[in-house]
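Chain IDs A, B and C follow the sequence of writing; residue 1 opens each chain.
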Amino acid sequence: MALITFMSDFGENDHYVAAVKARILSINPEQTIVDISHSITPFDISHGAYVLRSVFREFPTGTIHLVAVNTLDSLNENYIIALIGGHYFLGSDNGLLSLISEEDPEIIVELKNPDIENTVFPSRDILARNAAMLAGGTPPKELGTVTTAFKSYLDRQLKATRKQTSGNVIRIDHFGNAITNIDQEIFNILRKDRGFVVKFGREEIRSIHPTYAAVEPGECFVVFNSNGFLEIGINKGNAAELMGLGFDTPVMINFDEA
Amino acid sequence: MALITFMSDFGENDHYVAAVKARILSINPEQTIVDISHSITPFDISHGAYVLRSVFREFPTGTIHLVAVNTLDSLNENYIIALIGGHYFLGSDNGLLSLISEEDPEIIVELKNPDIENTVFPSRDILARNAAMLAGGTPPKELGTVTTAFKSYLDRQLKATRKQTSGNVIRIDHFGNAITNIDQEIFNILRKDRGFVVKFGREEIRSIHPTYAAVEPGECFVVFNSNGFLEIGINKGNAAELMGLGFDTPVMINFDEA
Amino acid sequence: MALITFMSDFGENDHYVAAVKARILSINPEQTIVDISHSITPFDISHGAYVLRSVFREFPTGTIHLVAVNTLDSLNENYIIALIGGHYFLGSDNGLLSLISEEDPEIIVELKNPDIENTVFPSRDILARNAAMLAGGTPPKELGTVTTAFKSYLDRQLKATRKQTSGNVIRIDHFGNAITNIDQEIFNILRKDRGFVVKFGREEIRSIHPTYAAVEPGECFVVFNSNGFLEIGINKGNAAELMGLGFDTPVMINFDEA
């Protein structure tokens, strides 16, 4: 049976997370449910999309991801199953799912549910129920109507020229590291063996380190992280606090003239 | 095998939660354990009762709920199994379990345990051990002595007249929404198609919304939530902070003269 | 199949915890993974060692403990499997594992991994992968090279004379209780039926209580906790805040002259 993962902005001190799991386990008591995080900032689809995008491909193909972030975005919210990169996502059609992959969904199904008009807890009454049925083998098309409607947002794009690539901090993580949208592949294409300088705030750093521990404790590192994005931090320290980095801080890499 | 749920005031950064789970898994390594929350405010049986009451009926009948909130309330604390609404609860007889249902327990068993006099960690040494044995099929009566002793507290009651129903905020949730003890059923009985006004602080609201997103972001909604209780919030905002709502804030509904 | 436990300093609002679990579940979708805590203070091997030491023996012998705390301590970090007290530990060789037991490891295996030079996420790429393989039955020696290299730290030792034993607070827990390194066994050996006084800050307490609830709410208790260590707290209160106890605060027990 497929795994179900579960991500939400529900926090840890109410009954909401357990209510969703209970609904799934009532349908199939043997179902494995893996928490991704329930500490997504309330209503913040950008935070949710970042976390989900960073991890969903680690799960086996066919995994079902229940995404309960900002689920009541509009009065007549649509709830959907989207098949993206071989994974199923169930969530509100609030744009979050458009931010987790460059690929368009292979299938989008708008969920039909007798309760859909009335519920104030769609994550339990619609998403959990349909996730359990999908995991139990019901084909997506039997759970609703195939549609092409899909709310799409554009992520802030990287700017890249021969001389410079410039991006932004897209996430301050638990360690205070600043993760940017500057991509290792694009960096490699642009660089062509030239020297370069990474610039942010008043800092200028002329190398990219192989790992977080390549600098002394208390010093600043710049690495490409495990998802291939440029990450700035302080070894054993909190870079966001100590260097004033935050969401959206500009970061650029200037390449030397050849 | 029955599910075991687990709720505590242990927090997330010590070994207490894992110690309880380890004890259960040592007795039965295949046991499914579902966390309800470990962020119940320390010693706060009112918070614990609210969360448990809101969710336990979502689980299949026969589920075993291990309740480790304020477990060392008195020097000669009793530990019990109570069967309520088809669900088994194991906890300290500290009054919490009297607050989760209007029903009296069908059976109460006082747990006997060789360690019961000595342990300073009854959640692990008494509750976990007995929860695992109950899940493994041991009948409750073999785990202790049937009793009628049951510490009972009365919840703050709703006041209801022909003209008005008045209650209180019983919980500020993770989103800053204020959940009251005003019940949808009683509201419907009293209302009889009359107009009404919901009053709290300086606010007066003349309708109940079908869902959280029925008002614009930043505006106040009043809904009956998924548990049938009146809930006040701000769409995409924190009502507790922005409108000064807190635990026990009075909320009333005045009905128009017919 | 053996259980895998998982402890980290990753926090709850990123994808790191889920990425490690996904890697394990990709290798074996049936694997049971039990969280110990993901709220270990970042880089704090002392906090991690305290939590792990307090709980690992509760799990069945043969359990596999994935320890992801301060995993990138040095540039050429070693990753190891250590067999201690019948349990397998996978972690960075950063000294944490030397603090969880008085026993030396029975076996230490330095993990070999094609990715080992390159990864910036060793918990996922090295520890998770090897934990899953170990749980699946691969013998430890096939996962790397047997070694004797093992980074060892000495815990702050208890001082004990005929007249006095003196130690320190080693952990302030979720309830604000102060846990010391003063051991019940040593206390019993030294005491020999004599009277004694427990001293810390300006407090002097002439008894050890059988349980947290042996004093009135708001009063100070001193107990030997479920791990056999002297613990100081306030019944229903936060001793660390109210009595100014913190990590490393000295605590001593003076024995009366016979």
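Following the convention adopted for this analysis, contacts are C-beta pairs under 8 Å (C-beta built on N, C-alpha and C of every residue); 3 or more make two chains touch, one makes a residue touch a chain.
Model, not experiment: these values are computed from the prediction.
The touch graph of the protein chains shown is complete.
Both chain A and chain B derive from one sequence, and where they touch, under half of the residue numbers involved are common to the two copies. Chain B has its Cα centroid 32 Å from the Cα centroid of chain A.
Chain B has residues 12 in contact with two or more other chains.
Residues 10-19, 21-23, 25-26, 29, 42-43, 72-75, 77, 118-121, 124-125 of chain C are the ones touching chain A in the complex. By the touch criterion given at the top, residues 3, 5, 12, 32, 34-41, 47, 51-52, 54-55, 58-60, 171, 173-175, 210-214, 223-226, 236 of chain C touch chain B in their complex.
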